[in-house]
Amino acid sequence: MKFIIAIIRPERLDAVKHELQKVEVNRLTVASVSGYGAQKGYLEVYRAFKHEVNLLEKIKLEIAVNDDFLQPTIEAIQKGAKSNEKGEIGDGKIFILPLEDVIRISTGEVGFTAI
Amino acid sequence: MTLVAADTAWVLISSALVLFMLTGLALFYGGMVRRKNVLSSMMHSFVVMSIVGVLWIIIGYSLAFGTGNKFIGGFEHLFLNGIDHNSVTGTIPTYTFIAFQGMFAIITPALISGALVGRIKFISYILFIILWSLIVYAPVCHWVWGGGFLTGEALDFAGGTVVHITSGISALTMLVFLGKRRGYGVDVIKPHNVTLTLLGTGLLWFGWFGFNAGSALAANSIAALAFMTTFVAPAAAGLSWMTVEWINRGKPTALGFATGILAGLVVITPAAGFVTPTSAIIIGLIAGILCYSAVMLKGKLGYDDSLDVFGVHGVGGITGALLTGVFASVGGTGLLLGNPYQLYLQFEGVIITIIYSVICTLVIGFVIEKIVGLKVSINEENVGLDQTQHGEKGYNF
Amino acid sequence: MTLVAADTAWVLISSALVLFMLTGLALFYGGMVRRKNVLSSMMHSFVVMSIVGVLWIIIGYSLAFGTGNKFIGGFEHLFLNGIDHNSVTGTIPTYTFIAFQGMFAIITPALISGALVGRIKFISYILFIILWSLIVYAPVCHWVWGGGFLTGEALDFAGGTVVHITSGISALTMLVFLGKRRGYGVDVIKPHNVTLTLLGTGLLWFGWFGFNAGSALAANSIAALAFMTTFVAPAAAGLSWMTVEWINRGKPTALGFATGILAGLVVITPAAGFVTPTSAIIIGLIAGILCYSAVMLKGKLGYDDSLDVFGVHGVGGITGALLTGVFASVGGTGLLLGNPYQLYLQFEGVIITIIYSVICTLVIGFVIEKIVGLKVSINEENVGLDQTQHGEKGYNF
Amino acid sequence: MTLVAADTAWVLISSALVLFMLTGLALFYGGMVRRKNVLSSMMHSFVVMSIVGVLWIIIGYSLAFGTGNKFIGGFEHLFLNGIDHNSVTGTIPTYTFIAFQGMFAIITPALISGALVGRIKFISYILFIILWSLIVYAPVCHWVWGGGFLTGEALDFAGGTVVHITSGISALTMLVFLGKRRGYGVDVIKPHNVTLTLLGTGLLWFGWFGFNAGSALAANSIAALAFMTTFVAPAAAGLSWMTVEWINRGKPTALGFATGILAGLVVITPAAGFVTPTSAIIIGLIAGILCYSAVMLKGKLGYDDSLDVFGVHGVGGITGALLTGVFASVGGTGLLLGNPYQLYLQFEGVIITIIYSVICTLVIGFVIEKIVGLKVSINEENVGLDQTQHGEKGYNF
Amino acid sequence: MKFIIAIIRPERLDAVKHELQKVEVNRLTVASVSGYGAQKGYLEVYRAFKHEVNLLEKIKLEIAVNDDFLQPTIEAIQKGAKSNEKGEIGDGKIFILPLEDVIRISTGEVGFTAI
Amino acid sequence: MKFIIAIIRPERLDAVKHELQKVEVNRLTVASVSGYGAQKGYLEVYRAFKHEVNLLEKIKLEIAVNDDFLQPTIEAIQKGAKSNEKGEIGDGKIFILPLEDVIRISTGEVGFTAI
């Protein structure tokens, strides 16, 4: 089982959800984060203080999947998250972490049926 | 005439109320945009207070209310020349009349900003409101209230034509230059904080009592009437919007209800001192349904009037101007009392204002587009206008 | 009588202030609920403006202030029949009197919503406020202010009985049907945004000057007195609440302080134009302590009056009504000036109002429960009323 | 003299507006601090309403406006002794005069809190405002407005000296005891919610119309003048601040613009009823630039006047007091009309007030430091004052 | 060492904390997230736009534990997070990820004493 | 590749970013969280309800790094996050999780060049 963490643009969330649904991945967790990367940042000014920031608003998705779902899920995210055909800086990243176990709280199920 | 203290008190507080509407508008609009554009959107309302406030004293008031000709006032009151604190207009100090009218000059261009949010450059926005105030607002204000060719013809109690039609139509016109926001129609662009919008609605309604009932320019029975209609028309419009939305979309939303209230405020503006409370309820009910339909139409036609300035102010303003010609019964006689000519006059005023607003806004937009450009880059739009135009963020850790 | 412009100006602005209190209430309550119910809670205040606003014109005003009998007004003023913009009541336009009173009719049912948040269906809430306005508010208003059997007997300057006792008691009564919110007592249900509640408190206090000092219906020395007591009583109540909380719970909370202010506003409402500023301070100090104790008691007894409508409005209203009978010294004579009979009259008014409110609310609740049901499902409660009743969320990315 | 209803109405609503400014201030300051201190900061404004409100009735009014001597009023009006609702001051009820003045006594110490946020103990803050109100505010108010030695000498229309210089200077002085916030200069301490600050700005401006135009104490042509200058000076100051910031820092920020508006409100306060609208624009333009520079200087000098109370109220107040001596042309004659003596008088008033404020604040600070200590522990500062002083959080899940 | 990620209902946070304290797990990190899963979502309407959402508010807990604490921690979360005896849809899930190392910033301690 | 999760004080974010930049780690994701640990909590009072909380505001950083960047990144975080020379309770923790793969959405790059 894998634990997928994807950082995407806020405005692409609906498109990504849409693509995920097509491949029948319909469980995920979403958080509002700020990101910092290749995409250029901006200068901020607060009265006497001026400073360079490059924290931009992003959305973080977390999806636990069984191994056979890994590839379709990644492809769906990629498809939905791209700003356009060729992709733009700031479209985000996908991280894949190993997942040892899952437990469904309501039923107590564990392992791959619980995902 | 001599100064009446009670009228002075009433128009003073009314002026403060109208300026307060800008804060209401900032919240109303600010809540509906995404987080990354909230300050930019609020600044659209705030900065107008400064720019048009100063401009009004320098030249705006003179252009709108100076003697001039049928089309525009003159230059005799540049920097309020010829007026001092002892000058009286009607029963109130001229300074108070100027301040009250100045607040109207401020709020009108700010209304337009709802169609421009999320993609207009700040510098271009500033240029736009300066030019628009002088080229569109001041003349139309002169026509209707300042002794111009519509004065005493078209009924416009508190600015249905002068304020709402001009702004609603110009908002729509600006879309020729600004197009859609990135992702419009693909992604769903949701309001980032509806509580701000509701608070803004409350502030707007509160301030609107000054806007409409203050337009009586005296604490008299007409002010009382205008107050009453400004109370019940939005109430009715909120109700009818909520009802059609509930039936049509399955849920009565808070955002929809708030928009209905606003539509009712807009529609009653030209009619406020001319119609009975019962007529005001009917007018409100109609406005809720018509503006709702206009906003839904946008969804179908697919232009990006981001915060529905046209759907609410344009459609609401036109509806109000025409219905004033239908329902007028106090200080004017409408269709229902057997005077179709008034409806014709209203119609005439609406058409002229629409044509004038479209043409001038096209020219203004074109000029700004050439000089500094209107739209931010795609990258700036993605990052948001708060960071790119103002160098700050609305919310920090 | 003839119209006095200054009085008109004062009651006009006071009316606007009272309507503005609904926005204040929406924030006050909205800040205290959880994020998932914020719009639902705010809509409880907003929708009343529409529904009772329209209802007041159609029939409410006639029932409350029509001639009728000792118990209820008549139907002669349906749709404001017989009144036009030249009608005068006292020294102000009748339209202004109607608008001012209409704002009171609006805020009263909205106060009740604080006990219902997080679990009442929106459709049931709408039915509730319609029925409650006609069956509870209009008659009690008629009794006390409209020529009914308490008029001229029980002193109630601005609505301690009419507004706060009716709403506070009815709120408590509705818990018979609504029970507790899921998780109440197990999970701690914390306010999602106390800054909204503080802002709401500021708006409420601001508006309350219109509520109380406007109730003089003239810009005279009684208005001045009522203004002064509305200034100092809440100040004192905030202070005493904060002090007992500090001693008793170890910390002076902002939420507690705000609640103390509100308790002071409630308690001074019936007394505002009848007592001296020094008495107002004493009354305020007492209210802070009594309402604090009532709210703490809830924690012990375990009923879920979610936002303490009974603890603040019920207890505050009763305390105010009785203390008016004790401290009255202007335009009335209380116990301290040797007139125990006034206290008796106050007591009588309180008891009758409580009994009437409980019975009618039970009937109304029962009827709605039968027709459409009152409470949302457990699942809807979990998800929150914003999504399930209104199809939207307060805050989005 | 006899009571004039229109003047009463005007000063009543003005008083409400001034109290409403406290809510505006709470938001203005609250938005600029970090999330963990938002309630603490807002409480700094709210609690003053209670404490100084009650104190004003007990003794403050008597000290400020009692006959007394050239330096301070007497004790004859303790608990408003000798005054009832029929008493008249000028053309308004004495109660209304007391309420209006009470609002000024409330807002002044609250302004100081902007320099103390994030590190002062709540109990010490309470002691501070009590002592400061009695020792600094009441005497200075007596000097300038209550018959003291500056009355009729220094021109101070609505409190440039009494309100802004005293508070701005005392804020700076308190830094002797409070030093910097932890992490100041190392970490960037950003405003947690600029929308609150903008909303606060709107409320402050709205309320300030009551503050300045209400200070005419009548609904007359001077009120009209003061209203007009209070409209255009902040507009101009917002503009000039924005412009220098845009040039100097590369971006026109919303926070900067709001601060400019505030600087304009401060600077026009002493001048409001004495100068023409055109002068007001010039004064506003100057203030925007000077206050901007003062705030930038802080960044260089490195003291932690957290929310720039000195930079805005201190510098703005002094600028306003002096420029009043330059531009006065209505009800007073300034330098430009050939009366350098007025400028001298203004200068004298400023110097005396500065010296007096510094000395008294040092004493007050020293005493509180000895009794209970002023600053919270480093750990409490880290965690935030909301949790440590008030036992609550602004925002919850 | 394990890194436990649990998604629970907001209203169960206090109960979960309570249960965790009982088994002496008193370090954790909490975030506000939105989730999407078996629990049915709702229709949202914003003026002209209507769309299906199923993002519901959830709380995410992250707890790093030593191996011997894993089982008690999971049981405590399950106990606290259940809406009622039998559990309901939407009560949430627990994900268990491998954790390679921990460092306590203040002291520089590493490994299992740092947890 | 590793996935670093660090919990720090909000007021140290800028210092940490600064230190990270020095070691050329200029990609990260930031979230606002609440934490609970050795640092003492406080009592909260909401009208009738009083209860012990110890959730304090924290910032969570997530940084995916290639193995050779692990050590410098950790040191940079430690340096930036410490309240003072000796460190104070509440300065936070760093968790190191295994990372199996990374994908850059815009270009489709995978593995260590994508980080």
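Which chain is which? They are A, B, C, D, E and F, in the order written, and residues in each are numbered from 1.
Following the convention adopted for this analysis, contacts are C-beta pairs under 8 Å (C-beta built on N, C-alpha and C of every residue); 3 or more make two chains touch, one makes a residue touch a chain.
From a predicted model like this one, the values you see are computed outputs, not experimental measurements.
Using the contact threshold fixed earlier, the set of chains in contact with both subunit C and subunit E is A, B, D, F.
Across B-F and D-F, the chain pair carrying more C-beta contacts is D-F. For the pair subunit A and subunit F, the distance between mean C-alpha positions equals 18 Å. For the pair subunit B and subunit C, the distance between mean C-alpha positions equals 33 Å. Note on chain placement: the centre of subunit D and the centre of subunit E lie 48 Å apart, centres being C-alpha means. In subunit C, the residues touching two or more other chains are 4-6, 9, 13, 34-35, 188-191, 199, 249-251, 253, 255, 391-393, 397. For subunit A, residues touching at least two other chains, in rising order: 10, 13-14, 31-32, 43-46, 51, 57, 83, 90, 97-98. Taken as a contact graph, the chains are fully connected, with every chain touching every other chain. The touching residues of subunit C, counted against subunit A in their complex, run 397.
Against subunit D, the residues of subunit F that register as touching in their complex are 9-15, 39, 42-46, 53, 56-57, 83, 90. Against subunit B, the residues of subunit D that register as touching in their complex are 4-7, 9-10, 13, 17, 34-35, 190-195, 198-199, 201-203, 205-206, 209-210, 213, 218-225, 227-228, 231-232, 234-236, 238-239, 242, 249-255, 257-258, 261, 276-278, 281, 330. Of all the residues in subunit C, the ones that touch subunit B in their complex are 3-6, 8-9, 12-13, 15-16, 19-20, 22-23, 26-27, 30, 38-39, 42-43, 46-47, 49-51, 53-54, 57, 79-80, 84-86, 92-93, 95-96, 98-99, 102, 122, 196, 199, 386, 389-397. Interface of subunit B with subunit E (complex): residues 188-191, 245, 249-251, 253, 255-256, 259, 295-296, 298-299, 308.
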